[in-house]
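Taking it in order: structure first as structure tokens, then the write-up.
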Amino acid sequence: MTVTIGVIGTGMIGRDHTRRIQQVLAGAKVVALSDYNPDSARAVQVDLAPEAKLYEKGEDLIAAEDVDAVLVCSTGSTHEAYVLAAIAAGKPCFCEKPLATTAEGALRIVDAEVAHGKRLVQVGFMRRYDAGYRLLKQAVDHEIGTPLMVHAAHRNPTVPEQYVTPMAIHDTLIHEIDVFRWLLDDDYVSAQVVFPRKSSHAHDRVADPQIVLLETAKGIRIDVEIFVNCRYGYDIQCQVVGEEGLVNLPDPMAVTLRKAARLQREILTDWKDRFIDSYDVELQDFVTAAAKGTAAGPTSWDGYVAAISSDACVEAQEKSGQIIPISLPDRPALYDKG
Amino acid sequence: MTVTIGVIGTGMIGRDHTRRIQQVLAGAKVVALSDYNPDSARAVQVDLAPEAKLYEKGEDLIAAEDVDAVLVCSTGSTHEAYVLAAIAAGKPCFCEKPLATTAEGALRIVDAEVAHGKRLVQVGFMRRYDAGYRLLKQAVDHEIGTPLMVHAAHRNPTVPEQYVTPMAIHDTLIHEIDVFRWLLDDDYVSAQVVFPRKSSHAHDRVADPQIVLLETAKGIRIDVEIFVNCRYGYDIQCQVVGEEGLVNLPDPMAVTLRKAARLQREILTDWKDRFIDSYDVELQDFVTAAAKGTAAGPTSWDGYVAAISSDACVEAQEKSGQIIPISLPDRPALYDKG
Amino acid sequence: MTVTIGVIGTGMIGRDHTRRIQQVLAGAKVVALSDYNPDSARAVQVDLAPEAKLYEKGEDLIAAEDVDAVLVCSTGSTHEAYVLAAIAAGKPCFCEKPLATTAEGALRIVDAEVAHGKRLVQVGFMRRYDAGYRLLKQAVDHEIGTPLMVHAAHRNPTVPEQYVTPMAIHDTLIHEIDVFRWLLDDDYVSAQVVFPRKSSHAHDRVADPQIVLLETAKGIRIDVEIFVNCRYGYDIQCQVVGEEGLVNLPDPMAVTLRKAARLQREILTDWKDRFIDSYDVELQDFVTAAAKGTAAGPTSWDGYVAAISSDACVEAQEKSGQIIPISLPDRPALYDKG
Amino acid sequence: MTVTIGVIGTGMIGRDHTRRIQQVLAGAKVVALSDYNPDSARAVQVDLAPEAKLYEKGEDLIAAEDVDAVLVCSTGSTHEAYVLAAIAAGKPCFCEKPLATTAEGALRIVDAEVAHGKRLVQVGFMRRYDAGYRLLKQAVDHEIGTPLMVHAAHRNPTVPEQYVTPMAIHDTLIHEIDVFRWLLDDDYVSAQVVFPRKSSHAHDRVADPQIVLLETAKGIRIDVEIFVNCRYGYDIQCQVVGEEGLVNLPDPMAVTLRKAARLQREILTDWKDRFIDSYDVELQDFVTAAAKGTAAGPTSWDGYVAAISSDACVEAQEKSGQIIPISLPDRPALYDKG
């Protein structure tokens, strides 16, 4: 069976997912495209999916009879409405992050999905599909004993002028917020942010670096350095310390050179290269579940918790040094693990 | 366009390639299956390709109108005949190694393909598709200056009783023989084999370890340790030394643990895990070229040269210490690089 | 010229320093020994310094005409009095940590030395003499740009029953407290301590692990994990992140093995092995300066600041989560850097 | 007891050993200096050993009553005579390599020492005292099972115009020749040399790189790459493969940097830095043994075997590709291991 896919939003990521479905993955094809800019949708049609139908409105694409499942890749503020429409239509829906621009919006999606009674939504937290994080999780689960601490870093070589302090949470830390919950099978209970000496390479509107300190329900302490003008590379580090030992996230594969008086390995500088392979695995997971009329991977609930947690981190930025509590409603049974 | 594939030989590798085409790769489907044991073909049909037709004879599968391209995964002694039949039918053909059981047989395939005038055959040397070797080649081409030496090792934890000394060449070194030619864009001119002190873990019928010394037309010197009872793991090492520096093949990705008084990383022990990802890339390359009616990747000529070179290495085993010359006919223009 | 040394306290460290002077270092000899237990001093005399004279009282050893310089290796509570006596006698004095058991005591030593007008005291912070830390400092000074953050860990495999929570500061963190000041040429302005989930391997009277968060006058943020029941080894980690890059303290030299399906390096488990070589360098520095009638290396002021800073960290343990300010008087000119 | 030392030859290495004895090591002092250039000896006296007496002739220094032991650091052609004189005088004698300029000369020293009946000579093979090689030997003896193969490399960034092909053996490989015998407790039975493609950075009079293949009495196969224009650094590599696993010589300690899109560690470029610490250990070993009137460490026999083995390697260079046998007389009982 081939799953027929409609793609809403044909910008960089929507185009790339279309290419993925058409040229890389098994079991699906793109049959419908929509973008607020019709030229963008048409260009993707021409380049990658000549048999796909174009829709002016995302809602019509969702409603189309020959569309089995939907990818929401449009601008963030439109996500909530499209995802709710997909749930209403009973169609599996992959939604790029954020699930909604507010925690309340994310909760409306959770409520709708719970009312529907079956999982239909996968949120685009791709790190859970990264080969390195999967090896890390295996070691956390089987090698190091009970986890007690996480030391992590999220470093970008540089950020554009429009990147301001809260984006360090909403656009950068958001990935750690989700992936640590998955890695540790745990939730946050508090957040604190401290600001080290500012890098002279950071522009005026961003405090950089920052250190976020998180505490989980099980008492695990997490420190994450966010440093978006680190100059040297795009570098994601994660060390989990357990009762019996510790484990590090592997660096991306690279050759080791001996050259020019240096033993050296390349460090990536473009974030797009870092998790490139995980998008394939992520979307294949969506296609496989959609073929059965449901969804797998990161849930609406995960999207909602990420929203709640990142709101607390932004408050912790504003009240630097203070410990901000994080509390969650009970998790609906729909999101219990098998 | 979807390429329709017929698979001849449905043992371990034929079954796995069928799964790959049906469940992992884009752009192809298996429509025909054949095995000298009909039950094997039927089982693969049931499990992976319910719409595929079964053929008693590989020749009939090759001739079938709805088969665009052929995978030859049957036992080695049957390869030559099937590949020649595919060429005769003008169909792209992926052939697992060896291309033929003798250099003469491989040359007959080369001649047939040259007579046909267009590439149709891809030989299953998957290492060229391995992410690590691709990074290595990039460094060899751009980072280390003119290559002068290669130091390599091919180690297995253990081998079964039926593994005898010449298999260290035909089954083990054969991968290095091909991949170094590709890595260095060069051919061999001589081979020498020396036998170190034998491991007490090696059984009677195999000399183990062995060291193979190869010289190339450009004067590059290669030493390869073959050690098939090394106990500790399945480990492929390759270091290329150039005029400006040197580079090592990366080890497979693994987490680093600190545990039990050891900084430690897992080493694979099963060869099947080592190049697992490269099979996907290899076969996608075949599908993409087959969609255009041709073949890419390792050629019949590469298969022929591998046969000639490994025959010389076996002679070098038999005359240990002696330097055995290797000579090749001129390469047909069909196999010139773009 | 040979510097004549008197050693007060002939327990484990006093005996070892005697051996060092007699058998390893150039330019000094032990001529006097004293211990509250005369049998201990006599045993060291017999084993290592047969020509040394025994003194019942440390004060008499200090006053002895043929003693050029003094090592204070006795129990901590006696340090202050012996060091003050050495200053009064105008003799160079090496004092194992702590310089005094209270910050006030340490300040009395500072005042006495300032009144004397010349440096006479070296405190036994040996990490500054460790080859790894010296390489680290070189990189901090020349390679990574302005330092912004330090991520560190001090891990012991296990601790005895008598090790209680504040000892994590006074006996464990004390080394980091000193070495970071030296590494960064900076002082602390605040401390915070948080307690992760407790390891099940920690006994009742010690909270373990702990995370200490320090802020410096220049705004550098430091996080130190203290984990004294980490099981896997004695492991000292330190990463300094600067504006242009980051650098890690090297692990102690070890061979890399490939064995038993693991790439592996030994991690030390006994703290005594970790900085063993640095004691030689430290004491040679003392001997060299003593030959000129003065002292080098870590100063009384460093000992005093370590006392003030660790007192604040203990308060931060008691008020977990709170940020405790640290303030220092002005540094006397005697302790300015050349 | 203080061992009184006379130093013959006060060039770079003689001056450095004098400094070592005077300023670094315990238990010895330089009381006599001699050089064919009296100004050189006087300068060392002034700078490092004001109480030492100057001798015009090395023979007189050896004969001097107040000289307990002798360091021979003069030019190679004079070594044999001085060492024979020291043996005749019954004085412990440390001789820089080569022990003699011919195998016959070295054998004369062996014979004289055997006739004397007690060890008096230590040859300056300092690698046996290197911390890295000692860790390697420990692993070879206890971790990897019976050794079967050694893969090694000796690389210099560049060599001066006067460095010609045979010097790759006598000046470069000589260290490997000695240290592998010690590492493996074995002797060589044959040598072969092959010449890879020549580096364009090598001048006319040196074939570079070279690969030396050695076989030992126990059947161990050793390959050593000698590459003295490798450009990137001074780099000594050694991997020993045993029946149970393999082990690598550690690289010198260095910090790991993340900087400029590279994970990087410095590689030394000056050979003088590589084994600098091992000279201290080597000479302390000499002093300790000399205090007992004898010698330790590398023996005259080791110096003789190194001469025989390197002569065979030079012959193997001249007859490239040919396997040259190496044979030794029986080892005198004086050189048996305890």
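Lettered A, B, C and D in written order, each chain numbered from 1.
The criterion applied here is as follows: a contact is a pair of C-beta atoms (placed from the backbone, for glycine too) under 8 Å apart; a residue touches a chain by one contact, two chains touch by 3 or more.
Since this is a predicted model, take the numbers as computed values, not measurements.
Fitting subunit B to subunit D on CA positions gives a rotation angle of 180°, reported to the nearest 5.
Look at the CA centroids: the one farthest from the centroid of subunit C belongs to B.
Put simply, the C-alpha centre of subunit B and that of subunit D have 46 angstrom between them.
One simple way to say how far apart two chains are is to compare their mean CA positions; for subunit A and subunit D this gives 59 Å. In whole angstrom, the spacing between the mean C-alpha positions of subunit C and subunit D is 38.
In subunit D, the residues that reach two or more other chains under the touch definition are 231-232, 244-246, 254, 258-260. By the touch criterion stated above, subunit A contacts subunit B in their complex at residues 21-27, 131-132, 135-136, 138-139, 143-144, 244-250, 253-260. Of all residues in subunit B, only 231-233, 235, 251, 254, 258-269 touch subunit C in the complex they form.
Residues 146, 148-149, 151, 194-201, 209, 211, 213, 215, 218-221, 223, 225, 227, 230-232, 241, 243-246, 321, 323 of subunit C are the ones touching subunit A in the complex.
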